[in-house]
Amino acid sequence: MVHARVALFGAAGYSGVELLKILAQHPNVELVAAASDSQAGKPLAGVISGSGTSRAGASDFIKTDEALTIKADIALLAVPPDAALAIAPALRAQGTKVIDLSHAYRAAPPAEAAYGLTSLFPAEIAAASIVANPGCYATCVITAVAPLVRHQLIERDVIVSAGSGVTGAGRSASEDMSLGELHGNVRAYKVLKHQHVPEIEMALARVAVGSTSTAPRVILTTHLLPIARGIFATITVRLRRPVSSLELTDRLRADYRDDPTVVITATPEDVSLRKIVGTNQTHVGIAAAGDIAVATSALDNLLKGAAGQAVENMNLVLGLPRTTGLTHLARHG
Amino acid sequence: MVHARVALFGAAGYSGVELLKILAQHPNVELVAAASDSQAGKPLAGVISGSGTSRAGASDFIKTDEALTIKADIALLAVPPDAALAIAPALRAQGTKVIDLSHAYRAAPPAEAAYGLTSLFPAEIAAASIVANPGCYATCVITAVAPLVRHQLIERDVIVSAGSGVTGAGRSASEDMSLGELHGNVRAYKVLKHQHVPEIEMALARVAVGSTSTAPRVILTTHLLPIARGIFATITVRLRRPVSSLELTDRLRADYRDDPTVVITATPEDVSLRKIVGTNQTHVGIAAAGDIAVATSALDNLLKGAAGQAVENMNLVLGLPRTTGLTHLARHG
Amino acid sequence: MVHARVALFGAAGYSGVELLKILAQHPNVELVAAASDSQAGKPLAGVISGSGTSRAGASDFIKTDEALTIKADIALLAVPPDAALAIAPALRAQGTKVIDLSHAYRAAPPAEAAYGLTSLFPAEIAAASIVANPGCYATCVITAVAPLVRHQLIERDVIVSAGSGVTGAGRSASEDMSLGELHGNVRAYKVLKHQHVPEIEMALARVAVGSTSTAPRVILTTHLLPIARGIFATITVRLRRPVSSLELTDRLRADYRDDPTVVITATPEDVSLRKIVGTNQTHVGIAAAGDIAVATSALDNLLKGAAGQAVENMNLVLGLPRTTGLTHLARHG
Amino acid sequence: MVHARVALFGAAGYSGVELLKILAQHPNVELVAAASDSQAGKPLAGVISGSGTSRAGASDFIKTDEALTIKADIALLAVPPDAALAIAPALRAQGTKVIDLSHAYRAAPPAEAAYGLTSLFPAEIAAASIVANPGCYATCVITAVAPLVRHQLIERDVIVSAGSGVTGAGRSASEDMSLGELHGNVRAYKVLKHQHVPEIEMALARVAVGSTSTAPRVILTTHLLPIARGIFATITVRLRRPVSSLELTDRLRADYRDDPTVVITATPEDVSLRKIVGTNQTHVGIAAAGDIAVATSALDNLLKGAAGQAVENMNLVLGLPRTTGLTHLARHG
């Protein structure tokens, strides 16, 4: 039975705490280090108290420098990209494999780091030493659009309007993120300059190459929603030929038949944040009318969009079934 | 000085209550009847208590049938479309002019009812006996897109992703609208079959005819947001020729220079629900990159999207300045 | 190894869905029936899709009548009290033990039904054929106040101001519960006539008898909060003698030292809904100044306040450790 | 007709913006200076755009130092207490009267500054040169409790559990106030050490002296609620003699009969934040059972709890009717 030593860096951020909770339930890992420079010395039980933390391993947050001296088989980096670029080489030098949740390695060539979109590239990930865990918007959009590209169903432009809960921006002490500013509020941000677009276009281009389809152009407008968790994307595309809602839905269902983390709903209206927050699933629904198709896609930005997919990537690297330790994250009611 | 007798039907719904509050401050009207079959017999002070209700006029809700016997110069209908179609002819027979907030008359030919988009069709409205007050989504989208059509700047397809607070659906006793279902939730509804699309396309076609531009096709996906009030629309279009963000913004500013209810912000990111909820304004921001432009547009669905624009229409019909009685609805902080 | 056949009635309500999710992870039970008259015929996967539902057992909701024909060792009733009183005798006649989440049996004499406050009465519960699962407000208040009564620390009056998320009222199609009415809203309900008071006073009186303390009088004001989940109670008492905040905290910690579902925080300010929603824990903090003590207490109304404690009661009846199948409900970050 | 020159300091904070909006509608004042060191140079129209700002006067935010050189009849200070103590003497030296919204002068002896609880001390306020505008919690609690003290109805202890929206803490860039931390959250703060208690006890003691009643002791627990605006207080007292709910309600109604800013509702359940947010009113409801009475009290922390009452105080100092310029802040639906 696989028993891996895991080190976690950035253990007290939003994604870090989700990782702590998942790892505490994971049957094949021991958490040997939980690094957080701001919380060092404090007990992990302060954030994940209760019966879920009885297993052996780290019991307190420690400093990053101390964590780097502890031998681990695999390290999860839930730190900003600069910190990831500083820590990863030291870990690799010790033979520790790395799952990085930041965007530091997302644009890297596959030779250096696998792009950890688990539904699309599992073989590459399993063979990688560094895995770039995808962004939350990217996972949400790519999951919905990849089958449309693969089957050469759509014209080039993919118009996406997507919104995120505020935890997508990490823990922050900014007036912009205060409830006083955000209660009942909605606003767009980074219009026509979102950093996630290249990541999405790169992944879809690889899907297109495999199918001699056209590499799509993604026009993404992101919004801040007055909620804590969740990404919801609405995707509008022009179809190359008329395809019924049912045929589109069946195509997506066929593509994701064996994927335990993707649910294709009957209609786009069936997708809702309420059903996916707290789970490690992406829900996608699609409908068409004439030459237009509209898909909706939703996931929990801290789970499938960060910590959950990171654990999937860890499992693939360790040779474990992809959803080991994630099965309790069932759908909310 | 104009002094008009005004009757209000549907006075206890969300839009009706907003109308009660506005009319209580309006210098040129007397509220002679406030009809609500469900609240008949109860005092108006129960919903708009305080010093704002000291003026003469109706003091209790009355039945619709009773209200129809009271002579009024103008009637505001904040009732469902079926009720509007039943009430309006009786009012017209008495010589009472009608502002209808439902969609009953929105598709009617201009000979029968003016389409009450006050920024676009003020002369028609001023001459009309029946004014079809536009829908909240329609007002939000048309305001942003009309200048782009007028100046022949865009290709045919207008892709809109828009969200509404739950008061947009009226007072309701449905499980779907309960806070237990909606807290932290977002979902799409009526995908590819929204009833507002013909209304938007019709208004934009009239703008296009005036400019020999192409009548746009609107693809609108609507969403329910976990907030009480506000419409936020994100609009993506393809430009016929490269136009800078600044030029687009200047075009919109020029078109709305004399419009007291439209604010063109410096960027699409400057538009937010927080700034328009509680006001009678539409805020629009726009940016471009290459051949793509993205505009954001927001308004309060109960004010500019319903009661506020209805009072503008009433003012136009009465020959008053458009924002009479609305000037206290200044921008929120 | 214990392997019990469990039937669930009211499986599609808020508590029912939580029970479905917990039972899907429970190592010692098979769900043999999931009854919901409104959802009969629909798949369970519609509400708890994903990898968590792979175990054998019920796969569709069935009618109550059909569920009553399926032999079970234990039944969980997440139905209204009238329905519980109708179903329970039939189940008892078949030898099925009953955990009832409604208030139907809460006022029953211990001979007929054990009061399932698991922290206080585990032996009685283990021996019972019917267990009355406590209310969410009752669990929240009793957990905080019982040690103060047990150690004869307080005067008779216990002043409680408590608020609940809207799921505490069950799924509902009422205008009062709509987000349009509740967004940004707070209001009190059932002032000076809350049905939970007798239940709380009865449990505390039993604690008082054991310690020759005075049976407290509870004055409870309940509030509806604009959130989906969680109970937060603020409890003010007069102390019989000056006791420091630290001594009070230590008393509570000592009393709950071995209780896996109660966390005593360092201060009342450390208790927050955010930390307990999604968990099966009650958090309690207390402070004193002069002759006054203030305690705060919080729990998730659907878990520790309903489904979670019901599973604890089921475990006790089955002779299992109390938190079997609940350990993944660790504290949120 | 009174025409006063008004200077506003702290014009860009939450209360400052509310003051800007009210002053823009006020018939008897000219805003001669709007000071905000952080926003100096920016146009006021950025926060209160629209037709409400057409009157003469300040058009841009200016520095505090510059504002102090502009002669004003009255100054409104919406700045922190330290800044208020620094600015007020300079203003007084110029003969400018001062309304201070901070707590700087709240504990001052009446000779130095009147305590601006407009419902209780209008004569003192009208004669004062400095008015200490009451805190939002204090206004909410005192309004409800003063009649009970005045009529010698209650025992000494007044137990208050109250919650505030986050704007009560002012604009802030803290992680604690982020929507990520507060969404769906409730927590208590400053338990047994709230700074508002002396202010409340002082005001109630003055009421007690007038009636030879006992000066009450106030035990206040404050909570942060996941909303932007509003204070809701639940007050539990022991009655000296049995008094019916109706008699208590009538007593309060009689006391506030001529007060345009206080509404006594039929029951405590009729008080809700939704009805008072956006208004300058306090709503109070009360009920009794045996020797216990429970009152609920609610107001908008930025209006009746800050800017609105400050304008009432300004009006009293200027010899104007108390609610001049506030009548459009009618009750929300």
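A, B, C and D are the chain letters, set down in written order, and residue numbers restart from 1 in every chain.
Quick note on the criterion: contacts are C-beta pairs under 8 Å (C-beta built on N, C-alpha and C of every residue); 3 or more make two chains touch, one makes a residue touch a chain.
None of the values given here were measured: they were computed from a predicted structure.
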Could you see whether A-B or B-D has the larger number of C-beta contact pairs? A-B
Separation of the C-alpha centres, chain B versus chain D, in whole Å, is 34
Could you grab the centroid distance between chain A and chain B? Build each centroid from C-alpha atoms only and quote it in angstrom. 40
Mind pulling the residue numbers of chain C that touch at least two other chains? 14, 165, 182-184, 226-228
Linking chains that touch, what shape results: line, ring, star, complete or other? complete
Okay, in this complex, where on chain C does chain A touch? 14, 17-18, 20-21, 24-25, 47-54, 183-184, 260, 263, 278-281, 323, 326-333
Which positions of chain C touch chain B when the two form their complex? 14, 165-167, 169, 171-175, 177-180, 182-184, 226-228
Parts of chain B lying in touch with chain A, wherever the complex brings them together: 157, 159, 161, 163, 165, 181-182, 184-193, 219, 221, 223, 225-230, 232, 234, 236, 238, 267-269, 271-274, 277, 287-289, 292, 294, 296, 298
